[in-house]
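Each of the next two complexes has chain A plus one other chain: chain B in the first, chain C in the second.
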Partner chain A sequence: MNSKEFLLQECENVRATLQDVLRHDYAAGSSQEFYDEFCERLEVLESILEPTDPTDVSTLGTFAKEISLLSTLVHRVERSHAGEFPWPFTEYLQDLAEPLCMENLAQNEGKPIIRVYAEGGLFSYQINLEDDLSVLNIGRRIFTIVFPHTLRHHVLLHAIFGHEIGHAAWTIPQHKSDLKGKVLEPLRAVGPLNSTSQATAWLKDTKAPPPILELRDQYADEYSEITLNQLDSWFQEFMCDLFGLVTFGGSFLAAHQTLLLALDPSGHRWGPYHPPYVCRKAMLWHACKHLGWPNFPSDISDTKLRSDIEAFVTEYCGSPPGPWEDIFTQDQVAQAVDALKDLLTQVGTSCFSMPDESILLPLVRMLREQIPPCGSDLSGSENPANRNVDFRHILFAGWIVADELAGQNNDAGKGGQFLVLNKLCEMGLLQQRAIDRYKAAKEGGTS
Partner chain B sequence: MTLLSMYKRDDSRTVYRILAEEAVKYLDRPGASKKRKIIFTNLARLLERYRYDAFSYDDAPGILEVFKPQGENQPAEHASTHHKTSSDVILALEAAHTQVYHSLSKQDLVENLKVLLAQLAASKVPDDQNTKAGLAKARVFFETLSERLRKRSA
Partner chain C sequence: MSALVKASILANMAQNKLVVSPIICGSQLGASSIDLRLGNVFLMVRARGIPAVDPGRFAHADDTAGDHAFQQARRQKHERYEASFGHKFLLHPGMLALVPTLEWIKLPANLQGIVTARSSWAREGLSIATASLIHPGYKGVITLELANLGQIPLTLYPGLRIAQIAFYSLSEDAKEKDMGSRFNMAFEPVEGNVAHEDEAFLP
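Let's turn to the complex of A and B:
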């Protein structure tokens, strides 16, 4: 069997696998779209491969990669069946991401197909974007969102996907151009990360915090220099953190801190793609200040809620950063945040705003009573007045109560309580989705 | 260990040569099919990147990947594809642009071609002289693009 014959056979194998995965139940929505898109890709690939000269090794090498990608994709989608991920959360995430990720193409091709699956350990939070220019065969892009398998129902932590939305937006050429000019430009204009030489000098600063000095001593090869690619990646990560903050608000701050510090308790490690957490936190502190969030508790009249929110602000907005990690000025961050909010508003992706007390207090009370938090009217009225609640406010309420419970010591165990809270919030999102759909249908909108 | 390891190569040159060749075929023989829709969609994507100079490709790592310990699956293609820019494709596009459309701005070039590609994909091409002239020129553009890419592929 020569290479071409083998590749044509593999196309058949991929088609058979696609038929096989249909045995699962999938959440409503994009399954048909995925199936149609996948079949189209396979047909196109076969039709171009068939007439290819068997000695054209360059083209055959490209096709081998294309077929392998299809095989990987079908494997991923097999894991995206119902029960493997919190689908009400995912639907809200799609609502946020879709307008932002719409490509400027004719007809329906610009709208991505979003699939979700749970796989791997704590490090696997990711969005795969089909952004490779060397891929031949894409009608509609298929974004696959990956949750860690053990955390698949931890919707409070999934607020971290606000960051991944930023990576998705970066793949749209027009957004990329706007983000470079309006969001990254102010951040890159001045400061220690203004150039690779300055960045390297900053890392080698003798006044750097002790953990940095330790890292440099211990791992001189990896922690001694910053390259241009590295710097570009770091800025993309900073930008994506701002995306997370602006789209998911308080719940992003809490998820970001919880996950990143769990894996790097000192917060000072860095890598080829990611800057040290302490610098990201410093930038977010400036951003929170610009958004006025530290003043939010003063708007709350309920004493208990106010003190809980104050505790949340202290914990997650943090305190003024130290001089080494404070790499952006307040003005730089303010410009970047405002530009990002403008961009999101223009494309129709709603930014997070702090909830009114009239919204937040009932959600928090429901959680304290172990009731899924949502806009359900539980008054017992004959005509219940259910209301729309932004799903991000449900997550925010979840984090406020999570911290309240974390401050208590009881037999249930904090970890167990956190899981229960997540499940309650997941149920709350599910119920809220139903309320939203009912109201949209009643008002004559689409559901 | 995996069965085979190779340095990652940039296939974009081959990919866009194939797409440009296919586009020329369809411009010669208009008609509707799923295949041409995908071909034209991918070329429209390429043109959008050309318009905004958005060629760098960043395979975004997961937010927590910086901490990934040895032994956990690493994304196979990160290290070598990060910030790949497909420079051959950019040069070929610029050459085809200058050779066929001369001083027409990048913005206008992309808009004109995208409109034609959308009409072709939907099999709704107006039967007028302007459109015919536009299609003929587009054909030369894609032919030039494929030739440029073929030269580099050889």
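Let's turn to the complex of A and C:
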């Protein structure tokens, strides 16, 4: 069997596996769009492979990669069984990300096909969009949302997906160009990361904090210089952090800090793809300041809630950064945030806005009483006036109460309390989805 | 013990003693009951899971993560599905499924709840007759034990109104020490323990 014959055989294998995965429920609604897309891709692949000369190693190599991609995607579908994810959160996330991931492709108005699966541990949060459509010239991208298996129902941590939405947007050419020109340009214009030589000098600065000096000594050979690719990757991370902040708001700040400090408790490690956490937090501090969030508690009249939000702001918005990690000016960050908000608004992705006290206080009270937080009318009215509540406000309320519990002098069972809070919020999202669905149907819309 | 009428149910809710959340629409409120909706988790008995439900197997087992055989048998008893709204769930004749309500319930110390099927679904063969008593002080979703007693499969969807709860006032408040339940703060159905406190009668 030569390579061409084997690749054609592998197309058949992928097709057989595709049939087999139909045994599973792997989509909230229908698995048809994924199935149809795959059948079409396999047909196109076979039609190109059939007339290919068996000695044309270049073409065969290209299509081997395509077949490998298809088999990987089918394999992932096997893990997309219903029951592995927080469906209500996933649906809200899809609503948020879909307008951004639409593009001017050949078919179906460029709407991506969204698949969800759970895999891996803390590092596994991902939203992947296929980044190259040129080979098969197919009209739709397949968009995969990956939850860490162990954290799949920890909805408070899922606010980190705001960052992942940024990576997904970056793979779409029209957004990439805008993001480079409007969001990254102000960040890259001046400062210690302005060039590879400046960045290397900054990392070698003798005034860097002690953990950096230790790490620098430890990794001297490995990361003695910052390369352009590394710098590009770092800026993409900074941009994605702004995506997270602008799309998920306060809950993103808390999830970002909790997850990243769990992976790097010192907050000073860096790598080829990720800048030190302390620099990311410093940038977010400027962004929060620009958005006016540190002043948000002064708008709250309820004393207890105000003090809880003050504690939240202190914990997650942070304090003025030290000179070494403060690599962007307030003006640079403000320009980037405003440009990003404009871009998101243009495509129809809603940005996070701080909730009014009239929205936040009932959610927080429900959580304190161990009732799932949502827009449910608990007043005992004969005609309940349930409210539409932004799912991000439910997550924000969850983090405020999580912080409140963490501040209590009772270490016992804190992990359990956080799990219960996550479950309450997940249940709240489900109930809110039901309220939204009913109201939309009543108003004659779709849900 | 007397049943609460709608006005009393609503008064208890207004005073934050009783919680049923969310009540999606006013038509869920009956003269002396509240309709309950189907949640989105389904526990279904797995045909190849375990040979029999044997209380003797539970009686001397260590109900902690350390007892592999016990934990495995327990987990293999059911298949678990989680579905979004609009996702279909078929309940075949003779089949038993454990499902949660969409609503979160919180009962005060002086009320107990009785859960029954809605009559429109009961007429189609849907039974939720077992374990219908909700103790005072309970907090969480309610697990419904759905069985199809009819001859044809029933198609169910999360969010449908399938059950109802009536509330009864007690002669006095239940004692704090009596109100604990193994199923308190339930977010979804879990397996019970049919041997609990009956070890003396088991081999």
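Throughout what follows, the second predicted complex is superposed on the first by the 429 of 447 C-alpha atoms of A that agree within 3 Å, B and C clash if a C-alpha of one lies under 4 Å from a C-alpha of the other, contacts with A are read in each partner's own complex, and residues count from 1 in each chain.
In this text, contacts are C-beta pairs under 8 Å (C-beta built on N, C-alpha and C of every residue); 3 or more make two chains touch, one makes a residue touch a chain.
Computed from a predicted model, the values in this text were never measured in an experiment.
Look at A:Phe123: by the touch rule set out above, it reaches chain B but stays clear of chain C.
When both complexes are overlaid on chain A, the residue A:Gly271 reaches chain B alone and has no touch with chain C. By the document's definition of touching, of the two partners only chain C reaches A:Val420; chain B does not. Contacts of A:Leu361 after superposition: neither chain B nor chain C is touched.
Chain A is touched at more residues by one of its partners, and among chain B and chain C that partner is B.
Once chain A of one complex is fitted onto chain A of the other, the partner contacts of A:Gly380 are limited to chain C, with no touch recorded for chain B.
When the two complexes are overlaid on their common chain A, residue A:Tyr438 makes contact with chain C while staying clear of chain B. Common to the chain B and chain C contact sets on chain A is no residue at all. Those residues of chain A that touch chain C in the shared complex are 25, 28-29, 82-85, 87-88, 90-91, 366, 369-372, 374-384, 386, 420, 423, 426-427, 430-431, 433-435, 437-438, 447. On chain A, the positions that touch chain B within their shared complex are 40-41, 43-44, 47-48, 58-59, 61-62, 65, 103-107, 109, 120-127, 129, 131-139, 146, 160, 163-164, 167, 170, 173-174, 176-177, 229, 232-233, 236-237, 240, 259-260, 263-264, 269-274.
Residues 6, 9-16, 19, 21-26, 29, 37, 39-41, 80-87, 102-104, 106, 139, 141, 159, 185, 187 of chain C are the ones touching chain A in the complex. Of all residues in chain B, only 9-12, 14-16, 18-19, 22, 34-35, 37-39, 41-42, 44-46, 48-49, 51-55, 57-68, 72-73, 81-84, 86, 89, 114, 117-118, 121-122, 153 touch chain A in the complex they form.
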